[in-house]
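Shared between the two complexes below is chain A, which has chain B as its partner in the first and chain C in the second.
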Partner chain A sequence: MSKTKFILGLFDDPDDMMHGIEKLQKNSIPIYDVYSPMPIHGIEDKLGVKESRLGYAAFCFGCLGACVIFSIVYYTLVHDWPMNIGGKPNFAMPNFVPFTFEWTILFTAFGMTFTFFAATHLFPGRAPRVMDLRATDDRFVIAVDAKGNIPHDDITNLLKEAGAVEVKHNDRKYVSYE
Partner chain B sequence: MKTHNNFEERFEFAGTAKTLSLVAIVIGVVAIALGFVFGGEHVQRTYSNLLLMSYYFVCVCIAGVFFCAYQYVAQAAWSASFIRIPQAFAKVLPYASIILLLVVTAGLLQTHEVLEENGKKEMVPYLYAHWAAHGITTPGSENYDATIAGKSAFLNIPFFYSFLVIVLGAYSYFGRALANASENEDEIGGMSNYNKSFKLSAIFLTIFGFTFPIFAFGTIMSLEAHWFSTMFGWYNLAAMHVSGLAIIALTLILLMKKGYFSWVTENHLHDLGKLIFGFSIFWTYVWFSQFFLTWYANMPEESVYFYKRWEPEYKWLFWFNIVINFVAPLLLLMSRDAKRLINRMMWVCIILIAGHWLDYYLMIMPGTVESHRGFAVEEIGIFLGFAGLFTFLMLTQLSKVSSLVPKKHPFLDESLHHHI
Partner chain C sequence: MASHSESIIREPLITGKDITYAKITNDVLNPVENMPNKAWWIGFTVASLGSLLWVVSISYTFWFGLGAWGLNKTVGWAWDITGFVWWVGIGHAGTLISAVLLIFRQNWRNSINRSAEAMTIFAVICAATYIVAHMGRPWLAYFTLPLPNQYALWVNWNSALMMDVFAISTYFSVSLVFWYTGLLPDIASIRDRATGLRRRIYSVLSFGWTGSVKTWQRFETVSLILAGISTPLVLSVHTIVSFDFATSLEPGWHTTIFPPYFVAGAIFSGFAMVQTLLLVTRKVLGLENYITMFHIESMNKIILLTGSIVGVAYITEFFIAWYSGVEYEQYAFINRATGPYWWAYWSMMSCNVISPQLFWSKYLRTNIKFSWFLSIIVNIGMWFERFVIIVTSLHRDYIPSSWAMFYPTWVDVSVFIGSIGLFFTMFLLFIRVLPAVAMAEVKLLLKTSSEQAKKKLIDSGTLKEAEVEYYKESLVKYDSVDMADYEK
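Here is the complex of A and B:
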């Protein structure tokens, strides 16, 4: 039993990598993930990546921000300690618009950032884990889960045929920058 | 994206589009004539509607120049595949400017007798009565108004005209120059025309940023000359931009439905949708800022503007303005998928075109026709007339260009592959 956990095909050209994806898909080999140092248009459709749900998170955080500040200001300035400011009514809607707007944006921005960190395991101070260090530099990487995808040599050959400059059989899933 | 596109495709202006736009022009002329025939309050209403629509017409054409200019300055690629449409808008600007000048001239020349608040009868022009009435800035005259006299360095006929002529002339020049450079590019290729467009656009945007607010102050805000708002220029810029984008998108969608622009995909629509959505929010932001500061300070000379718009005959329209120009695009265009649906985009554009008509209506009517507001022959007829005139002139310009795509635009290939 081989100790290989992941097979990585390293390409130096994004077009070759797209070709590699096609080849693997034609041979019904499931692709675990693809890493690229730059965005490649249309790759989500090709890999069948589900649409990001970050927008829904943003919407929920925005609503939360609006409710939080509206409640705070309503409690303090209308319910608990009403003050006469410029002779305006205590509960005048135009007053409530600017800060509700600001807090909606504030919560949306922070909420989205933290959701993104949580989803990608990227936290400040934490060394990011990657499957191959050069995937953030000059290599386009296709990762195939080795478990269940046998024989491994066939996958290696497919990747090589597609133009992979290097094929790695890794025993560990991630390498760390540390 | 299709791999083969016919870039030699020309737009042929004929058939239903031509007939309908000509019919609309006739309806407009009849509506104007009827307005004058009815007499009385209808004459004022006709003038106000003429000003509304000629201002709207000019603004839409300016939006075409503005769109081209910021696309060139941003070196944007996505818009290259349909830039001929805003270019056609830009080429109509000289005609629109002449019509606006004719309307304000007629409105300033023709006078009528009105009963002032103090019971005095006074001869005032139909347009700009608040500052252009005879003797209003002459000390000792019985019509003398100290506030207006204090503003006469800006609000006087020679400055008003020269500013309109110079500014609209400059915008028209830049619009023409950008369109000509693009057409010249089709013939000779290379980067020279693109670089020239970049320079022209940068110069235009600098001039435009400083002059457009003043143009709005002079043409629309001065209808109620005692009132002022420094926000008004940006508020009008936002309205001009949203309505212009909506008409660009609507023109594109209708032409796509007719089988033109086969290379334009939902990705291009998506980007137009984002601009429309974003600038609708921006419009609301400036609208609210203007309202909020006035409401908070509550100074009589400022709040009178909103006081008039809170009278029963305008109040529901005042709120409806927010619903149609903010809530509608917010809810209808928020999601990614919505911006990629051609029919959804089309209906939002139609809503916004009507919405910004209402927006201009609320800027103009309470200061001119006041409580004699209406929505009948003049409003509908003159709207149709100008819509027909714009369609006719714009499609004529579009049919003159040798191809519907700038085939040697340096970013054309990127635009055709645009994907978001």
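Here is the complex of A and C:
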């Protein structure tokens, strides 16, 4: 048994990498993940990644924000301490609009972004689980779990054929940051 | 697909030969990973001295109170609110570039959005300092929040000033979230190239970003939705700032044109400030290939458009004052143009309405030195606009016995100059420690909208001759393109 844990195909061109994904899929080799320095459009369909549901979260947070601030304004201005200002109605809805609007936006932005951070496990101080250091610079990396996917040389050849500039057989899953 | 070729008649967004993904990273991170050059140090020294002046004058204000300013009983709002509105307006361009242009799929925003957003954040910080200082007792700033208190009183939700508190705080925090989320992939790029302590710091700041498929997919969803909500937000912010004036009964303020007019003015001044910053930044940081003449010209066109909108608004305002038949309103406007502050009014008119019209000339709007000069003129003009609206409306009260003039004290002047210093200090620190260009987003354009990709298409010889000619003509204006490559 080799000690290889992950096989990484490093591409210098996103189109070549897409080609590499096709080749691996044609040979029924499961892809662990793909790392790239920029978003690649169309890759989700190819890898069967479902559409993000963050939009629904955003909508719910927006509704929550609207309800919260509307309740606060209503409670303070209409219920708890109604003031007679020139005989005008206490429940002056048009005046509530700017506050309701601002907090809808505020809750949407923070709620959605923090949901994104939580779902993707992003938080300050998290150890970066990087497989190759150049994946945030100029390399488009396809990672294949070496376990069960044998022979490794065939995978190497497939990646090379697709145009990989380098194929790495890593003994460790993540690059250690010491 | 990751790439398909773009129509040849569109101007390239990245110029230069042999641009690779690695070269983009190297070029953008050059100022971050190396010691700053002389130009940066000079700028930073001057800006820091400005900040110091700000610290002194703000401290003086807090110690002695608002009496240190030139305010009097009649003119109770002057330089401080002028400065506040000026800075908030400047902030608007950043959000406009990052949000509105994203929704409209204007790819040229990709290389300028990062620094423009940073500018937004710093400008709003400067604006907030005016608000806090204007409170007179900044330690009581929490009075603006609906907190239960011993007076058993709540805040006045009917007040436009209260709306302002919510608008500005939401705007600042949402802009910050938008900006920082966009920074994550680029901070990860710095992290993976750094060593030692730097790596540790950037590692914490990067939140553990890896760039996996799912991360990018969610990132793009988040960016798009943030852009979608920031667009109405940015319009609401200056609308609400204009409510501070429009909901009063002051002649010259009490007009329904204020919200759209303020928003147009905000975008106008904001783009001018982006131009002021980026024309210098691209030169000092050597980013000519990413912030190209196309970007400069596009921004100048927006300045021309919004400047014209502002001009129409000024004239409409004047017309409506006459048409309304309200004596006080009519006098307020005649007084603006011919009263003791005529020079402020005509500075505003010439800087904001007349001078941007020069950008109808292609020669002038593709001239870097002139663009920079005009951006400064617009900044000055927009400052005068706020001064005119605020001081000239107030200084001649309903009762002639309370008519007065406003004279700024050294504290007024120092707070203003100091806030500019503060702004530049923050901006200069930003370009030292964080990438001034969104690398990931620029990399996205490399295979479609770059000069080299288009050159390859031309060399393949499959394009229509006329279209290629048109494209070549559009390249002439670029200062970063060597036309010799296109001659055969």
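A few remarks follow.
The rule is short, and it goes like this: the second predicted complex is superposed on the first by the 164 of 178 C-alpha atoms of A that agree within 3 Å, B and C clash if a C-alpha of one lies under 4 Å from a C-alpha of the other, contacts with A are read in each partner's own complex, and residues count from 1 in each chain.
Here, a residue touches a chain if its C-beta (ideal position, glycine included) is under 8 Å from a C-beta of that chain, and two chains touch if they have at least 3 such contacts.
The structure presented is a predicted model; accordingly, all values stated were derived computationally and were not measured.
After superposition on chain A, the partners chain B and chain C collide with one another. In the superposition on chain A, A:165 makes contact with neither chain B nor chain C.
Once the two complexes are overlaid on the shared chain, A:86 sits against chain B while remaining clear of chain C. In the overlay built on the shared chain, the residue A:42 is in contact with chain B and with chain C.
Judged by the touch definition given at the top, the superposed model places A:55 against both chain B and chain C. Of the two partner chains, neither chain B nor chain C is touched by A:64.
When the two complexes are superposed, the chain touching more residues of chain A, out of chain B and chain C, is C. Touched by chain B in one complex and by chain C in the other are residues 41-42, 55, 98 of chain A. Touching chain C in their complex are the following residues of chain A: 12-15, 17-18, 33-44, 47, 49, 52, 54-55, 58, 62, 72-73, 76-77, 80-81, 85, 92, 95-96, 98-99, 101-103, 105-106, 108-110, 112-113, 116-117, 119-131, 133-138, 177. Residues of chain B touching chain A in their complex: 288, 291-292, 295-296, 298, 335-336, 417, 419.
Chain C meets chain A in the complex at residues 1-3, 20-22, 25, 146, 152-155, 157-158, 162-163, 166-167, 170, 173-174, 177-178, 181, 184-185, 188-189, 191-193, 199, 203-222, 225-226, 229-230, 232-233, 236, 240, 243, 439-441, 443-444, 447.
Within the complex formed with chain B, the chain A residues making contact are 41-42, 51, 55, 86, 88, 94, 97-98.
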